[in-house]
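Presented sequentially are two complexes of chain A, the first with chain B as partner and the second with chain C.
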Partner chain A sequence: MTPPPLLEVRSVTTEVEIGDRHWPVVDGVSFTIGRGEVVGLVGESGSGKSMTARTILRLLRAEARTRGMILLDGVDLVSLTRRALRGVRARRIAMIFQDPRAHIDPLWTSGDHVTEGLRVNGGLSGAVARARARELLADVGILEAERVLGAYPGELSGGMLQRVMIAGALAAEPELLIADEPTTALDVTVQAEIVAIFDGLRRERELAMLFITHDLELASSLCDRVLVMYAGRVMEEQPTSALFSAPLHPYTAGLLEARPTLETKHVRLSVIPGRPPTPTDPPDGCPIHPRCAFVEPACISAVPPLRQLAGAAFSACRRTEEIRDRLRPEAMAGRG
Partner chain B sequence: MVAPAAPVLYRRRWMPLVGASAAAPGAAIILLLVLVAALAPVIAPHDPNATDLANTLVGSTGSHPLGTDASGRDILSRLIFGARTSLLGPLLVVALSTLAGVPLGLLAGYKGGAVDGLLARAWDVLFAFPPLLLAIVIVATFGAGFWTATLAISVIYLPLLARVVRGVVLVEREKAYVDACKVQGFGGLRVSLQHVLPNVAPTIVAQATLNFGYALLDLAGLAFLGLGVQPPTADWGQMLSSGRDTLVLHSYYEVVAASIAIAVTVVAFNLLGDALSARAGRSR
Partner chain C sequence: MAEPAPLLEVEGLEKTFRVRRAFSRLRGEVRAVRHVSFRVQQGGALGIVGESGSGKTTIARMLVGLEQPTGGRMVLEEEELSARPGRAERLKRARRLQIVFQDPYTSLDPHQSARRMLDEVQRVHFSRSRGERAARTDQLLEAVGLGRTEGGSLPRELSGGQRQRAAIARALAAEPKILVLDEAVSALDVSIQAQILNLLADLRSDFRLTYILISHDLAVVRQVADDVLVMYRGRAVEVGPVETILSAPLHPYTQRLLDSVPRPGIVLPRRPATLEAEDTGCLFRQRCPYAFDRCVVEPDLIHVERVHAARCWLVDRGAGAAVSVPEVEAHK
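Up next is the complex of A and B:
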């Protein structure tokens, strides 16, 4: 028997108020994350990746509504009391964000930032917390720990600040780290360093991660499994290697096709025509159908659910079995 | 990757508050006024309350540069001693209204919802009265004098400050670092006091500085009406009142001197307050 997952997200829908009514921005999303497992969440901007992450930690505006269950070791976070939720946030699930400069209080030194959780949640004294902060900074590859601890955010580079934020998130020794586009604001070389840090963390600490990105390469280099989101829904879920070699959903195939590669020389990058729908204007049926090359009338009449095709392979495309051979990267390239 | 170390001056949590060059003229005048008030016994040429009925309403002379008032008291000395009550009153108003207004504004802005609604109604009630009229009612009820007047004006300034604080907190609480704090499991008290408040402090200080000037005017107004500082204590507003009676005798020194003192002080605080506001605006 497989051990129960650390986190199980079960048919979660989050609606936020836009204009005068509530619209779903996360729509019936289900997935699991096992201990020490890294799950990728990829998709275009506005596909609901970040809202899914924020829903897990209930970091939503007061008027937002969440339905479904989010089980952390069997305990439902959706219905948790505020007090218990604070405990989960303080000790079990940590989150880091895209823009470290905006997410660290500008008036606090990095040292204050990293040690705050240790002092407040861990009850450590100032000196002990500071020593621990030095270790944490070393863990995320900061050599001049003492200098960085005394520096204000305005005095540090973006890459350095992101390391500080990661160090702060690790301080509580969480079981799950939610990383919301943690490298998007950084340049490529720093990105690679940060990814190496994550890779080290999952190996050394068995830290489970929900890694949100719109960069497929990044997801492939780090994640065990990848979920592809579109318009608030999961389109496909597969183990990383399978997702890249044999996508099950036309949308995933389109995303893979739209990547620039070093091997083939592109005159123009292929694009998926059209643009994603807004939450207030969802198309009928399958949300991707206006942009899909494989659309047929039945796709428009009903929303296709996410189906399990094999062990860890899920697709929300009605025609997966029929068209999967045509979705392989080599077949897509030939379509050209 | 570490930027060169910033000068020591900037390595402070309250750093946005210091070193405002545009605030210099206002700050210089205020500093001078504070020195005058503090050193009044040393620099005043005469006892401010010593009457000399043989020399009433004299013009500018060697021993009385600004002349004397209707009781023969030296106007310059009264002006110098008057700086004490005239500055102390607004200082207390600003201190009291800040002490009560900041927590209430922070509570309303950060909590929002029913708490915010309740406080908003309370302030609406206070705003429903013309401010000076409200102060007059309070003073008339509890008796005229420096302390009642100061308290009355504080009550008026409390909602003004609280609303400003609420407004900036509403903006600040949406900032990303507040989410990052919440996600670490910190409670509202910690986030609002340790993170939000220091970040909005520059705006609060700027507003309090502006309020100082207006409070000085209001207190002078109450003193002028005989509801504030009582004679014979030297006070600029009170000097306006007593000087008014002698205007008919073509003795302008007392009124003009007190008016200029009030105007210069208010302008100085406005200069400083505006400069601080601009700085607070830039830093957010």
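Up next is the complex of A and C:
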């Protein structure tokens, strides 16, 4: 029997106020994360991936409404009091963001930032906290730990600062790290270094991660499983290697095909025509249907649910079984 | 046979900034661009790649006159561009060199529709009647795939992809020879990025454009550029045809860049982060796995073929058989 997951997100919907009413930006999302597992949440801007992460930690505007269950070791975070939720944020689930400069106080040194949680939540004295901070910086590959601890954010590169933010997030020894586009603002070489740190944390500490990115290739380098989101809904979920070799949803296949590659120059890139809907103007039925080459009348009349096809393979396309052979990369390449 | 004179020739271009950062004790000089030279032929497409701080955007800004070089020459159609252009010269340059930025939201006038923008560019550069301008505006909107409604919309009413189309149309309105694309597709979602990359391919042939593409994304460079200049900390460290650079990179930094491109299931070994970088010798040597004693002196660009050169002692034939170019497995 498989052990119960660390986190289970069950039919979660989050609505936010836009104009004079509430609209869903996360719409019936379900997934699980096991201990030490890295799950990727991939989608284009506006797909709801960041809102899903923020929903988990309730980092939403006050008027936002969430339905469904978010179970951390069986305890529902949605119904937790604010005070109890603060405890979860301080100790069990940490979050890091795309732009460390927007999340680290410019007038605090790295040392102030990393030791804050240790002093406030861990009750460590200044000197002990500082020694622990040095270890944490070493864990994220910072060689000159003492100098970096004394440095202000303005004196550090973006990559170094992201390492500091990760060290700060690890201070409380969380079980789950939510990383929202943590490398998007970084150079590709630094991105590879940060991904290597995450991979080490997963292996050495069994740290579970929800890794949010717009970059399918990046998700594929690190994640065990990937969920592809569109218009607030999960379109597909698969183990990473299967997602790339045999996508189940036309949207995933389209994304894989649209990316230019290093190997060849394409005469034309295949495109997904049109653009994503806004939350206030959702299409009927399957949200991708206006942009889908495989659309049928039934795709428009009802919203297709995410269905389990086999073990860890889920698709929200009605026609997956019928068209899956045509979605494979080699078949798509011939479609032009 | 002699090559035709290049459309654009950049020789020994330099830019040194004096810096004093807020909330920081750092001050001094930053050599953003260090003696960079390249040529672009009419109809060519040069990609300039490198990480932040490599100087690639500073080169773009100097080309279009937004930044003044502190050294070197830029020659466009056999005529030297002034480092401190006056008004007339700026106008003349704008007719020949246009730039499209990463974020059209901050580079477009928020109070002007695409139509009005295109009209204004034509009024500045050409003596055309209102009717002629309107006809040309229609052509430009159609060329970039914007409809009548979108043409009349303000930037904030457009999607990211549509805004970038509007920015490209505005650049084309001046009928430039060279379009400088400064991370012009970097902020776009994959599905939209593919549309704009296809548009750029169409426009290049339809308008006989020459591209200078600044990008950190090697796959985008592969799609658009014919030749590549790899920059590291202000230096050109490798230059050559795009297929050669991507399939047989010579400089260890280029190899690192290529290795770092995410691939399914591949995580690179962890590397420690260090604070400061030497400013003498080879600028990459502290991060370079192959650094040896010779690297305290910076090499020139060393040609391995007529069109392919790298600034690395490892490619110097004089270095002897003991040192060979390391193989990079990921690119086979």
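Note that in this section the second predicted complex is superposed on the first by the 334 of 336 C-alpha atoms of A that agree within 3 Å, B and C clash if a C-alpha of one lies under 4 Å from a C-alpha of the other, contacts with A are read in each partner's own complex, and residues count from 1 in each chain.
Here is the rule we use: contacts are C-beta pairs under 8 Å (C-beta built on N, C-alpha and C of every residue); 3 or more make two chains touch, one makes a residue touch a chain.
Quantities reported herein were computed from a predicted structural model and do not represent experimental measurements.
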item: Chain B or chain C, by number of chain A residues touched; value: C
item: First (chain B), second (chain C), both or neither touched by A:Glu144; value: both
item: Partner chain in contact with A:Ala62 - chain B first, chain C second, else both or neither; value: first
item: First, second, both or neither for A:Ala172, with chain B first and chain C second; value: first
item: First (chain B), second (chain C), both or neither touched by A:Pro106; value: both
item: Touching partner for A:Ser270 - first (chain B), second (chain C), both, neither; value: second
item: Which of chain B and chain C A:Met160 touches, first, second, both or neither; value: both
item: Touched partner set for A:Phe31, first chain B, second chain C, both or neither; value: neither
item: Which superposed partner A:Val195 touches (first chain B, second chain C, both, neither); value: second
item: Chain B versus chain C as contact partner of A:Ser220, first or second or both or neither; value: second
item: Footprint overlap on chain A, where chain B in one structure and chain C in the other make contact; value: 106-107, 144, 147-148, 152, 154-155, 159-160
item: Residue ranges of chain B in contact with chain A within the complex; value: 1-3, 5-6, 11, 13, 15, 112-113, 175-177, 179-187, 190, 195, 198-199
item: Residues of chain A defined as touching chain C within the complex; value: 44-45, 106-107, 141-144, 147-148, 152-155, 158-160, 163, 187-193, 195-197, 199-200, 214-218, 220-222, 240-241, 244, 254-255, 258-262, 264-266, 268-273, 275-276, 291
item: Chain A to chain B touching residues, read off their complex; value: 57, 59, 62, 86-91, 94-95, 97, 99, 102-108, 116-117, 120-121, 144, 147-148, 151-152, 154-157, 159-160, 165, 168, 172
item: Complex contact set, residues of chain C against chain A; value: 21-26, 51-52, 159-161, 189-195, 197-198, 201, 216-220, 222-223, 242, 246, 256-275
